[in-house]
Every structure is written in structure tokens, then in C-alpha cells.
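Here subunit A shows up in two complexes: once beside subunit B, once beside subunit C.
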Partner chain A sequence: MGSATGRAPVGQNGLGWYVYGVVDAGEAQRELAPPTSVEPAHRVTLVREGTLAAVASKVPLEVFTEEGLRETLSDPAWLEPRIRAHEQVLEAALAVTSVVPFRFCTLFRSDDALRAFLGERRNELREALRSVEGKIEIGVKGFLSGDRFAESFAERDEAARGLRERAASAQGGRAYLERRRLEQLLAREVERFKADAAHDIHNRLLASANHGVLNPTQSREVSGREDEMFMNAAYLVDRGQAFEPEVEALASEYQERGVTLERTGPWPPYNFVPRALVEA
Partner chain B sequence: MSSRELETFRSGQPAQLADVLERVLDKGIVIAGDIQINVLDIELLTVKLRLLIASADKAREMGIDWWQGDPFLSRRDGNALEDRLRRLEQAAGLPTSEER
Partner chain C sequence: MSTSERHALQQQVTLLELVDRVLNKGVVLSGDITLSVAGVDLVYVGLRVLLSSVGNLERLANEAPPRAALRSQAGS
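Our next item is the complex of A and B:
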């Protein structure tokens, strides 16, 4: 597993380029003016090569090396502001133009290395840019309240209603048994409902979007919510497209069964650029 | 329309860290080339990050979920990656891939 040690000369003053993403050089004539950067001593700038421009800022390479990062990445106090800075810089770019986001810690040793990259991969980068031109990413997360679902299910489902009534009127071991049956029935129904609801909501939102993806759901600890997340989707939508009404309509429709939808964004289109650049 | 049905975030307030993390660390183009960290290492660091960002018990759930749900990482070739992941997991006191 080779680090890039010795492959190319380190940039002047031990500084290299941290690249947040790529924009069209012509479209980004206005200054991006992001409020921050991953190393606040060095402001974000555009590094132009042909029709493309990298949104980038200088970083000390002694920190941003594989070895250096192994140390710092384990420190949340170091990491969180930089991860947020990465996002904020791309948001500032997104406010002005279309942007192809790069992953955290994309680094180039020198000016030459960055410009060479932009030149050599211009076709792939232009294609990635074209695919997200005039588009933004919107996140939609679905949460289910188990209690509210159980309530609405017992109202609608005859078997569940019967079990509930018998559990309420029975005594001792008999009541316990009926309650267990009701719980098992509910557990099965919740699983089925979550899968069906995610499928239905996703398909209907896709109709108003260019693309959409379902990502792994977040656990309660991560989402910070009591209700269980059953859907974690992202959609690529045209800027200014009325996507929100679609989400609202679905939220209203599903509300009585215990569903809450949460919309996030606009995000840079992280989910809708290729994972890696392929040769064009 | 009550805010109970549809909750909209990010109107001026910072996004939830988890939402930022899953995008900034997990999505976006990965560049290979004349850079400080090669692609494989970025992936490894990403895995490590996932485990570290969450505190110990959160990491268990979060790390496993994300790892298993990530086709890119799961289908990466080479046992070196898996070996290193296993070492990372052991170092972090997490169950290794084999134990799952």
C-alpha cells in the first residue's frame, strides 16, 4: 500500500491544494466567497484550467498527508469543523453555480499537479458537470412512530382490533397470551409497512426528480430521534423545481399512520456524481 | 400544513452532522492520481472515521450498518483492505467482520 511519498516534489512552502470540487470556469466568474475553509489561514480560491475551475484552498502538507491524517482524523475536535467547512465551501459554490463535489481530503501536491489533473481529466469532469448542471440534491428521510402506527393499525385491522379487545377483557395468562399475539402481529406489520412505505414514497418522489437513491438508514443514536428511520433518500432535482409540494403531499397522506418526513438541502449533488472518474 | 408532518431543516441552521458526514465522507468523486492519499487509503480512513465519529457504543451500530450497506467498500478487491479493516476494528474494540 504505497503512500505517494517521493512521487512528486512537494509544493512551495510545504503547501498543497485541498480541492472541494469542480465548477465551470465561465459560470463561476463571480467570487464564491465561502465563509470558511478547511484551514482558515488559507482562503478558498478558484484554480482555473481551460473551461474548468477547481474550488480549492491551500493546506500544509505536513498535516494533510496520509501519516499526518492518521493522527488528526481520530480527533473529533479537529475533524468536525473541517468536515463542515468542506460542506460549507461547496454550499457557497452551489449558491452561485453548478458544482461537482469531491470527497473529503482530496489533495494535490502542487499547482502543477492540480492543473495537470484538470487538463487530463477534463472530459470526465465536464461530463460529471453536465450531468448535474442546474441541479441540486434534496434529502428526504422518513421516520415512523411505532406507537402512532400501532394505534392506526389497530383501528384499521380487524384481527388486531379483535386481539386488542380480547387482551383487554381477558385475565391473567390468557390476557398475556393475547397481548403477545398482538405484539407479534404488530411487529410483522411494522416491518412490512416500513418496506412498502419507503418503496411507495421513493417511487412517487422519483417522478418529480431526475434521479434518486436510497441510502442506508441511520440508527436512532445517529439520527438523534426517537422515531425509527425507515427511509434515507436523496434526489437530484432541477433548481427551482417544485419538489417540496410532492414531499408535503406524501407527508400529509402518511401522517396518520405515524410517518414524519424530513426534508434536507439543498445539498451539492454528492449522491449524483460518479464514485470515481472513468476514462471518457 | 403543520410542521409535525413535514420538517424542513437547513433554512439558515447548520445541517445535522450525520447528514453531512454521510455525504462528505461517503459520496462525491474520489480522485486517484498524484495526491497525498491514494484511493484505497481514503476508503480506509473513511471506515475508520465512521467508527470514531460515533462514540464507542454508537460506533458498533453505525459502523456495521454503514460498512455492510456500502457496496463500494464491500466489493473492493484485495484482502489487504479487509485485513486492515479488521485491524482497525480490533484497535477500536469493535467486533470484526468475521465475528458478525
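Our next item is the complex of A and C:
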């Protein structure tokens, strides 16, 4: 955008391919027509090699090389629209066909480099496409409200109820001790409940999915939530499968114990790329 | 928190969900690709900036104004 004026046009040599993902070349006959790209001056296109096609757009390498990125990646104003563009392009592809998503900022220096990659890794890429064919990713996060859990626990648990009543009727040091014991009991129960709930919810959702992964939970500061995250999962489900009712049913079942389940997606299957294609 | 602040926070949280996937997942390649391992580390620098801006927004939303005012006085 900014390079259009006041600077010599970047020649073919100055441009590389930014790859968003890989699709089946035969399936993606229809135009993907994503609304955007990571560099709006260059539109998204399909680079075909055999039966595979890379969903890609040209980018000036001077911006996307290590040196260029050193400046730009630490700038949220630069990073955010490009992260969103990466996702929007993949969602446009996902609307038409199955897609194997690539990580942000995957670049190839030239046409030849990209085609060589598609040729050399065609078996892994075809296998990856096969494994996500007709499937989408759904995210499910579980949050626990400490207060609501404590409330429901005190109602259910005799020991907790007893401690609470004694704390309420006792005075001074005795009341303090009863409250401490109640807090300690609660702290233990919260930990046990979070582990049990994550295990139970995950296993029951797995029954309705092809695959599922439990990712590390996010801290309150990162999640931006008051409630504590106790589960951060992703599931690979068939397109059109009624996965939502399963999540809703679990949400209702766990609601009174202070659990909120948050469903996101459909996402491109970021979490379900075969290990052979993750060379971190 | 006003409606527009809440909306901004929601936007940031959605971005976070996105960042979690776009930067951490998907096909990861090495080889003839301009972005080196060092470059990938740079992505995480950017990510931390983004995350800290989410954290800041959250703090702004929760922090009582007098405390914030105190802090800015102490900083000046």
C-alpha cells in the first residue's frame, strides 16, 4: 500500500509468496474470493502444483524478511490487521473446500520454491487434507466462577455446610478458624472439580468429534476473564454435525456448579495438522 | 465499563482466540523460507505486545479511577 508512491515499484525479485494454507486443486475450482490479504495491494490466488494448490498472495520480501519483521512484528497496529487477514483468507477457503492451515508468516522466496515445496511434501500434504476433509474445528473453553462454585458446594456438601454454619454462629478466633477450614476445604474441592470437569467434558465431547486436543489453559490476565479457565480444548468435527447441542447440554448440566462453556468457530483446523507438517 | 469499552474488550478477546491459533498452530515449516527461527521468535515478541495490550485494557476496565490517578501522580 504505502510503497505505491514515492518508491520504485518492487520488481518480481522483491516479491515472495505468503502462504495461508493448502487446498485440493480439483476441489477449489470455484474462486475463493477472500475479502482481503495480508498486503492488500496483492490479491489472494491459487498456486497449483499437481493435485495441490497453495492459497497464497504476493508480499514484498523487504517487509516480510527477518529484518523487516523485526520492526513490524512488535507493532500491534501492523500485526493485528494481518493476523485477521490471515484468518479471513482461510475462512473464505474453508467456505468452499477443506483446507490445511499454515502458521502466520509462512513465506517462500519464489514461485519455484513454493512449487518445489508442494511437490516434495505432496504426500504429507495430501494426507493432511484427507484427515480434515469435510471437517472443521470448534473451540471449547471452560470457565469456573469461584463464588458460584463455593455456593453450590456449600449446598451439596455436609462438611462445608457445617463449617459455614459454625463460622456464622461462632465468634472471634473460633469463627476465624472455622472460616479458614472452610476456605481450605473449598480450595481442595475447586482443584479436584476443575480436573474432574475438564476430564468429563472433554471425554463426552470427544464422543461426538473425530479428534480433540486439550491445550494449556490461559491465565486470567491473558483470557481477560474474571472466571478461571480450567479447560481449553479444540475438536475436529464433521461439517454440519450437531456438535453445538452436545456443548449446550454439558453447559446446562454444569451451570449450577459455576461453569460457563464458551464455544468458538468454525475454525480452519489449526489444531489438527499432522505432526509431520509441524517442524517447530 | 461503558458499552464501547465492553465492545473493545470483546474485540480484543476474540483477537486473542485468533492469535492463539494463527501464531501457535497450523503447518510450521523450516527450510527455504525467509522467516527464520529467529523470525518466529519475533512473532512472539509481537504477540506479547498484543497480549499486554489486552491485559492493559482489562486492567483499565477493572481499576478504580482513584488508584489509577494515584499511580499516574506517583509516576510523574
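As a working rule, the second predicted complex is superposed on the first by the 263 of 280 C-alpha atoms of A that agree within 3 Å, B and C clash if a C-alpha of one lies under 4 Å from a C-alpha of the other, contacts with A are read in each partner's own complex, and residues count from 1 in each chain.
Note that a contact is a pair of C-beta atoms (placed from the backbone, for glycine too) under 8 Å apart; a residue touches a chain by one contact, two chains touch by 3 or more.
From a predicted model like this one, the values you see are computed outputs, not experimental measurements.
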Contacts of A:Gly146 with subunit B and subunit C, given as first, second, both or neither
neither
Output check: A:Pro101 vs subunit B and subunit C. Expected answer is one of first, second, both, neither. What do you get?
both
Just checking: does A:His86 make contact with subunit B only, subunit C only, both, or neither of them? Give me first, second, both or neither.
both
According to the stated criteria, A:Thr260 is in contact with first (subunit B), second (subunit C), both, or neither; which is it?
first
Comparing subunit B against subunit C, which has contacts with more of the residues in subunit A?
B
Go through the superposed model and pick first if A:Pro60 touches only subunit B, second if only subunit C, both, or neither.
neither
Those residues of subunit A which subunit B touches in one complex and subunit C touches in the other:
16, 21, 61, 64-66, 69-70, 73-74, 76, 79-80, 83-84, 86-87, 100-109, 113, 116-117, 128, 139, 215, 218, 221-224, 264, 267-268, 270-271, 273, 277
Which residues of subunit B touch subunit A in the complex?
1, 4-10, 14-25, 27-42, 45-46, 48-49, 52-54, 57-58, 61-62, 65-66, 69-70, 72, 80, 84
Under the definition above, what is the set of subunit A residues touching subunit B in their complex?
1-4, 7-8, 16, 19, 21, 61, 64-66, 69-70, 73-74, 76, 79-80, 83-84, 86-87, 100-109, 113, 116-117, 128, 139, 215-219, 221-224, 244, 247-248, 251-252, 255, 260-268, 270-271, 273-277
Applying the document's contact rule, which stretches of subunit A touch subunit C when the two form their complex?
16, 21-22, 61, 64-66, 69-70, 72-76, 79-80, 83-84, 86-87, 100-109, 113, 116-117, 128, 139, 215, 218, 221-225, 264, 267-268, 270-271, 273, 277-280
Interface with subunit A, subunit C side, in the complex: residues 9, 12-13, 15-36, 38-40, 42-43, 45-46, 49-51, 53-55, 57-58
